[in-house]
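Each of the two complexes below includes chain A, the first together with chain B, the second together with chain C.
Entry: the complex of A and B
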């Protein structure tokens, strides 16, 4: 597989390492030099990088196409927000519960799907179906506001990091920590016994099974890890935006936004989802800016360009931008170049 | 009599379901042959709706008469799309096909939003408010006509695949692409033809749908998902299955909208989908692969 070189971070060249360190440093000091707007854009970028990474565990590492990841974001967001509002339980405890609920939901879908042999497109549709059922269901759960939305209390100027209440800069660093954490976790997983099993299951399920890999277990752990990580993204979202609407949180559109960074950046690679988020969110912002500057304020124009950009990326860089970029800039060692 | 009431609702749902089924038929044809899931299906359907709305506004054309024109237009679009873009993706992984068609869907739906605005638009027909009495049931004239037209188009499609040489060639392609190539069939040409036919069918379904629903760009993703549900319930690649699925989903929507609240009607459809995926993943009339 051609994407393999981009996938193995152990093959990073000196040049790649320097660039990686520079990028990390830049992100670490960004809030000291950037204005409010830029910090909020960067926080969005980091959020998508994080959930993209979480989705990548399922699709990129294990070959399970989920088009319903908004379900785990939504469950994480609603569970943590509900226990905070109704019982005063803070997000650091709430997130454990949120992850637990998301994992249970993921395992139910996974169990049904894998036990009944639902594969490929059918599995993707099963994930969409569950996310849609949750969307419509939460519209009717009045305990968390129903379709009218669920709101977290906001106190101006509050600074209570223990309850994830504070300035945008606090949220920026939390998002950055999530991305860094997910990156190292993904890296560790990929180099573990489990990670190799996932890759084997993704590439050749029959051969993997023949060599003793428990397909069901490998796939279930992928779903569990991915849904737990994604739920954390939901907890962040709930406390960052302080409002939740089923129509947004669980929507099909949200599920698509989650998978785009990884696909644009490079599925199955570690850097891909992060790079993809850094391409897509600024692209959207730039389009908004250009359209406003050009005085062409037509609703839909921005999304139209966005769609065209998607088509262009998938036509010209089908394996994603990162594997190509890494090769061009020699950020990773090419096969045969030696260690 | 309450039983008449339910019968009436079920019958209306059945007629709407026939139009749904026709739309899903287009999706099923494309997937069955080209093996690409057309994620821009609902967008094409809404394009058909707007075409009928425009023709109705300019020329006073009845949607039933706009339908063949929409079929021709969408056939050309589908053919070009397959030739120009989708054909390169036939051998690529599913998620890439998904992103390509998602991009196309995004372009289509937003182009329509820019051209026609977010407000609902409809076609005026002289029989809008007529009802027809059949036994103890009272059915809308528009619904009867749309359902009947859907049956006619579906029958024509079945006949084409069953009896025409081209239809048989397409079925050969679907059964065994390699074998079809070996006996000298032009696979790429047949794929383009199939995508064109699928698009034409959904264009007709869109034109017919304007008799029942006002056209809005926001309908597009809903119809894409609806077509998927129907096709999975009926069985991917099975043409009678798509019609049966459409009728089932149409009736369950109508009854759920009546028994529960209208906002929960699609919950029912997803429920049906989940049950079918688990108990009979190949769909009601699909063959196990």
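Entry: the complex of A and C
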């Protein structure tokens, strides 16, 4: 984790800026040069970068460990899909509703946690419990398909960007927009009064409170922002895959997949979740590809790989890859080098 | 002199142990009052009761006549009391300046203005040259100064200092004493300090309150208090009589 220093764009060196622009350009033109498969992989990368960024608002900025973020993805996905299928309400209106539902769920968890002093690991358990309850509960809500899954109507060749119906390239750009949007929003939040208060709460809650920070309010807003953003990721998922199964959407495994990029890239940094997603997802895909090419049938190997990656990071780069990389390649100015 | 802070019959028990028992004292506006006593006398508990860390079992705390009893620490801060922690609690990963900005944001909505105020406070506590360093990298004396800076940035009318001189070398003690005297004389800041460094207590305080086993055993001018036989016996030790 790190503070504002070292992640402020004002602290980006010329070299860092060049790299940033190149990366942005590369991502902007990628669909024109990449094949279908690569675009789909990149879309997955961007999706994880986005939800990782959303999770980071809670853990990275405010020190609140959520291990149940699949809950917000699932709620966002199911709410937007349900109003679309049953009432014909498109994703733009649906996403507002989706975010609202996710925020309410987040606030219930937050209220229980913060009012009754449930901290750290116990708070994390609370977040898992809610995600699990949702997973099991949605198995029985037949209005949205229950355990048999919920499906959005798909018309071949339909192109209706306003309703998120269209080609994979459309979804690629939507995912890219989400990542860019979340990055700028996170940056703005971090530089705001609220951002300072979040970091203070993360570092030393007692001292933050003595400095006038309302702990309950600061933590609740972190949960609200994080759950709302994550729900948008869920809306995307619903309209991209067109099918939802509680067993997958709300699974514990999904929650872990969401947080891995941020941990690998660097918790509490702006670039960390994005970098982490670009490291983990392609490696996982390559592994799957190699295994299949080799004619082997080894289910769960990707999870094993993620586990190994996590162990490696915790042991060798506990602060994540980004802070280390930024120092090594001099992409940001270090504290004391002048702003 | 009107009383800025009034502490009336404050009591707190922890599982049957009387940490603070019917302690009353007042801090007049613009003065420096020192709270002294042996370890475990209830000094920090008294501070925590004033600052709202936990509510008292009995008693009342008022600031300028406003009842603060039962308020949370952030509300007490908003009411005008800034505090430091005996065991320093810097926001370790943030820079020194960012630490103080958090304090300034207690009364300021604009981050830009808060940053300007933070720089001014850092100047005054001679921490300006460390502004961009992570707080965790500071030496102990600088961390103590940072505690004071962060508390000051909340623009308190009363500053609670919990052993900010402990662990400092004599020259560092003198520097801090000078800074505190300045704040008091120039800006009329009222200070309530827990302190073991008697040299500083004698140099700074207008009044001294002595606690022992959770009870107040003396309250008066510094010279009177250190001559009080009960204080000598319980706290200062026989050598202080020399």
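One rule holds for everything that comes next: the second predicted complex is superposed on the first by the 320 of 339 C-alpha atoms of A that agree within 3 Å, B and C clash if a C-alpha of one lies under 4 Å from a C-alpha of the other, contacts with A are read in each partner's own complex, and residues count from 1 in each chain.
The criterion applied here is as follows: a contact is a pair of C-beta atoms (placed from the backbone, for glycine too) under 8 Å apart; a residue touches a chain by one contact, two chains touch by 3 or more.
Since the structure is predicted, the reported quantities are computational estimates derived from the model, not experimental observations.
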Task = Check the residue A:211 against both partner chains and state whether it touches chain B (first), chain C (second), both, or neither.
result = second
Message = Tell me the contact category for A:328 with respect to chain B and chain C: first, second, both or neither.
response = neither
Task = Return first, second, both or neither, reflecting whether A:191 touches chain B, chain C, both chains, or no partner chain.
result = second
Which partner reaches more residues of chain A (counting touched residues only), chain B or chain C = B
Inquiry  = In the overlaid three-chain picture, which partner chain does A:315 touch, first (chain B) or second (chain C), both, or neither?
reply    = first
First (chain B), second (chain C), both or neither touched by A:116 = first
Query = For chain A, which residues lie in the overlap of the chain B contacts and the chain C contacts?
reply = none
Key: Residues of chain A that touch chain B when the two form their complex   = 59, 65, 67, 112, 116-118, 120-122, 124-126, 128-130, 132-133, 136-137, 139-140, 147, 252-253, 256, 259-260, 263, 267, 298-301, 303-304, 306-311, 314-315, 318
Complex interface listing, chain C residues touching chain A = 51, 53, 72-74, 77-78, 82-83, 85, 89-95, 98, 101-103, 105-107, 109-111, 114, 132-134, 150-151, 153-154
Note = As the complex stands, chain B meets chain A at residues 37, 85, 88, 92, 94-96, 98-100, 102-107, 109-111, 113-114, 118, 217, 221, 225, 228-229, 232, 236, 263-264, 266-267, 270-271, 273-274, 277-279, 281
Request  = Please name which positions on chain A make contact with chain C in the complex.
outcome  = 1-5, 191-193, 196-197, 199-200, 203-204, 206-215, 268, 335-336, 338-339
